[in-house]
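Okay, so subunit A shows up in both of these, paired with subunit B first and subunit C after.
Now for the complex of A and B:
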């Protein structure tokens, strides 16, 4: 709230925004700051934290293979999820953006509705589907592939992650494709470009911003997922977030949990910066 | 690559089946009389629905979630609507920063926000013993949905309508209550319905901020599915899905689903 209103906006108009800005400042900005403070507090066995500040929480994470391995696993699952989502979403988004089918409204609702169905319920569906006696394994047995244990394994967790976050990849790509002026394609076709060339030189480069935001969204969501690894992984697939929540709710090791949360955030941000730089170069080459 | 290429159609159809299958399975499980979660269904029965109605832990959680969602949607609409009006009509400089600030609850990872609020309430409010921290958490994460819906409603009405009212002698407040507000009403309702759905389905915020002894429906399902499960939870899930779908149809009727952008 220290932001000074620009002189052109009268003070009474700021009253419109004040409640929302107060809410976000007090209940987002300040609480995020408390994570940082908590992470340098001294851990204690008898209370939430002891007086004084220390870096020992961070030193413990960096020095322990268990937590570094957990971090690597978490980022790897998130990256695999984003990659599979991209492969599934791109053709779907292209079709949805350009189809003139009368089913279009229904298809859009089909993409949107999973977003609005609780994640617990969708995990429940996957538990039924992926069980040893479930529909997927029945189908696999029918074609002679032995039952594959999906539940309590990273495979099952990644399948559910892809399912839950797929709409977050489809929607931005669809928006980007819809924003492409159809006359650009027509012009390219008139000038003699083949359908493949039009896709490669016009649609693909112009849809890249959508791909970029889709990948970033899905990566962040998958790296910070809690319910899916808990339910599909059944406690046998651990990620940074399941361990953090366990520290907070089970162990009351708040300073250590806070440090873990910040290490995960920092690592995810570094991965995303690398990704953005790489795709920017690729986009320049495509264009 | 043509849109009607059979390979593309086949691929896209498979993606839609993948998207919808788990929810369909849950619904089918809930009407299957069998004791175990089995597929395909062996018949039709509503026994799991009567089991749901008889299970206090589920019905209590259902009503608690409903009240929490209604309260969160009310306050999110109350705070989000003026913020959207301010953003569209008045704000000149720093528009991106303002938008980012109001949307930050959905841009930041929800688990992280829940952890931050847990620490915050513990240091400032003396813990999460009452429903208030939980309600505040739900208002914070549902605020962006009202903001987005009202912003898009405002962009759809030309400023000239309000100017006309002002030229004809209406005071600013009269033109706001008589012209602007009725025109964005459907946007506000859509935002509030989305806020309700998001609150009703929320797990992360509820898990970390709920007072001991109360439970929301998703938390109750989550706890149930972690240890043992019978199809009662499928019935509870189906009721929750049916509620969401009904609200979606309402949104589609009053505002059009296409206008809902994330």
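Now for the complex of A and C:
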């Protein structure tokens, strides 16, 4: 009797997956696990944590309007940022994906250009622009509006978040639209659909995977942003992230900070699951 | 009613003409193929008819209605694309019903029409599948159903069989032609495959470099080509230099390497013209040496029903000849070629 060839995946195939597995486990699974463990440690004033495990960190978050309000604010800022990015990005992405202009390369570079400068530099740029005596308010004053206080307010933070994360919305939508066969649009036209109907019935539903990735990226990035709320908000706009950092660095309350971080992650994931289910339904209805 | 008339259609792409001075009249219910090599302008012509390209000049009429500058959605056409262009996010039924919805038909009426057309393309029961769950041939038939269900004035087919394997292509050829005749729809069919054009069409337009070289029945295109390009593109052909030396009733008397032949040709040819005669391979017989023009067989391809020969004549001319399947001569043998003069045709 000859042995049956093993039905398992050969070892050398696993070797190819090794770098990715290592990366994922070392930089995602292990940190999450340690945060999860830290979040159920007993807090202490004299050391990082006291012996024993407890759920009191979570009970404190759920029982305190301050932290639930912070969570709601954080998710709201992220949602508004994602929504504004989507509205700004979709027409841009559509144009970039379909244009035959020789300026296409230049436009593409222009979309990516915000990524070429560090976040801190861009924040200082916005501080200069949005200050009460800044360029934006000067312009608003000239047309009789304002001055509008942008800095140290959520408005300014969201403006900067939109600016910084816009490319992450444009690129996936652009890729999704590019992947749509132009023949589908032509087929719909020959069947009697106007350009508006073609957009609604063909382009929009087929670009939905790009919209989903873009919204997820921007939402997650905005919900976890630290530098922008700190610099533009100047300490007067608090989000979960700025508070977590305060707990860790200012208060040395590691167990409580860890619990806050996990609550934020979990809430963001729940919002995104809801969003994905909703858009999947919308995609079916559009078709 | 849905006659198609194209006058002086021209489409320029930055100074180069994709289509130039294209004239065509298609009768109601007629099946016309646009045949030519890739880049000859056949697809551009079709896209102008669909409204997907705007002609540089010229006039297109469906019946009495001029449509030259109408957008595609106002033309009432059915179009089938080479890659089928089925909407991947819709079921088969939704794909087929799309055009009916655009025409504002009620759900129930659309449903009935979809079911009827799905039966017609022999895909009854496939309504709830998604296009990706169908084979290429089935997708093709869904595309056909989607184009036909709106009862268009004109059916446009752009190389619809190019992505199918050979056997399925033959089946679909017969299927499309019989369906077209059953619903009696005026049809334009773009292809680079001469066999497709020959078997399906009432008439064929042969195009090269944006111009019509010949418009005629499959028989005319094959046996009476008007240019050497047409003769070379449709089937295999042999061209021999010839001099017209007179007329004998309807036929021309020509002097060739095979001697004096009576060949068919246009009526307006005068004597003393240097030209060519076209001899199809099946009109050349291989015989024992000394009966005609001598040469040596240099290639022999057994195709089953026929055998394809390449014969090098003693003067260096290469000739294609065919014989029925059990023909014996082998490569290297010397043979004599005899031309069936009833199947010869004059060419400029």
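Keep this in mind: the second predicted complex is superposed on the first by the 261 of 287 C-alpha atoms of A that agree within 3 Å, B and C clash if a C-alpha of one lies under 4 Å from a C-alpha of the other, contacts with A are read in each partner's own complex, and residues count from 1 in each chain.
Simple rule for what comes next: a contact is a pair of C-beta atoms (placed from the backbone, for glycine too) under 8 Å apart; a residue touches a chain by one contact, two chains touch by 3 or more.
Just so it is clear, the structure is predicted and the values come from calculations on it, not from any experiment.
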| message | Given the alignment on subunit A, is it a clash or a fit between subunit B and subunit C? | response | fit
| So, does A:163 touch the first partner subunit B, the second partner subunit C, both, or neither? | first
| task | Considering only touches as defined above, state whether A:202 meets subunit B (first), subunit C (second), both or neither. | result | second
| query | Quick one: subunit B or subunit C, who's touching more of subunit A? | reply | B
| field | First (subunit B), second (subunit C), both or neither touched by A:254 | value | first
| C-alpha centroid angle, subunit C to subunit B via subunit A, nearest 10° | 80
| message | Looking at A:109 after the superposition, I want to know if it touches subunit B, subunit C, both of them or none. Which is it: first, second, both, neither? | response | first
| Looking at the overlay, what does A:192 touch: subunit B (first), subunit C (second), both, or neither? | second
| said: Looking at A:47 after the superposition, I want to know if it touches subunit B, subunit C, both of them or none. Which is it: first, second, both, neither? | reply: neither
| request: Minimum C-alpha distance between subunit B and subunit C after superposition, to be given in whole Å. | output: 13
| In the complex with subunit A, residue positions of subunit C that touch it | 50-52, 71-73, 75-79, 81, 83, 85-90, 94, 98-99, 102-103, 146-147, 150, 156
| message | Under the definition above, what is the set of subunit A residues touching subunit C in their complex? | response | 181, 183-184, 186-194, 197, 201-202, 205-206, 283, 287
| query | Quick one: in the complex, what on subunit A touches subunit B? | reply | 3, 6, 8-10, 13-17, 19-21, 23-25, 27-28, 30-32, 34-35, 38, 48, 88-89, 91-92, 95, 98-99, 105, 107-129, 131, 133-135, 138, 163, 166-168, 171, 175, 195-196, 199, 220-221, 223-227, 230-231, 234-235, 241, 244-245, 248-249, 254, 257-258, 261, 265
| request: Name, in rising order, each residue of subunit B that touches subunit A in their complex. | output: 1-3, 8, 11-12, 15-16, 18-26, 29, 37-39, 78-80, 82-83, 85-87, 90-94, 97-98, 101-102, 104-105, 108-113, 115-120, 122-123, 136-137, 139-140, 143, 147, 194, 197-198, 200-201, 203-204, 207-208, 218, 221-222, 225-226, 229, 233-234, 237, 240-241, 244-245, 248, 252, 257-258, 260-262
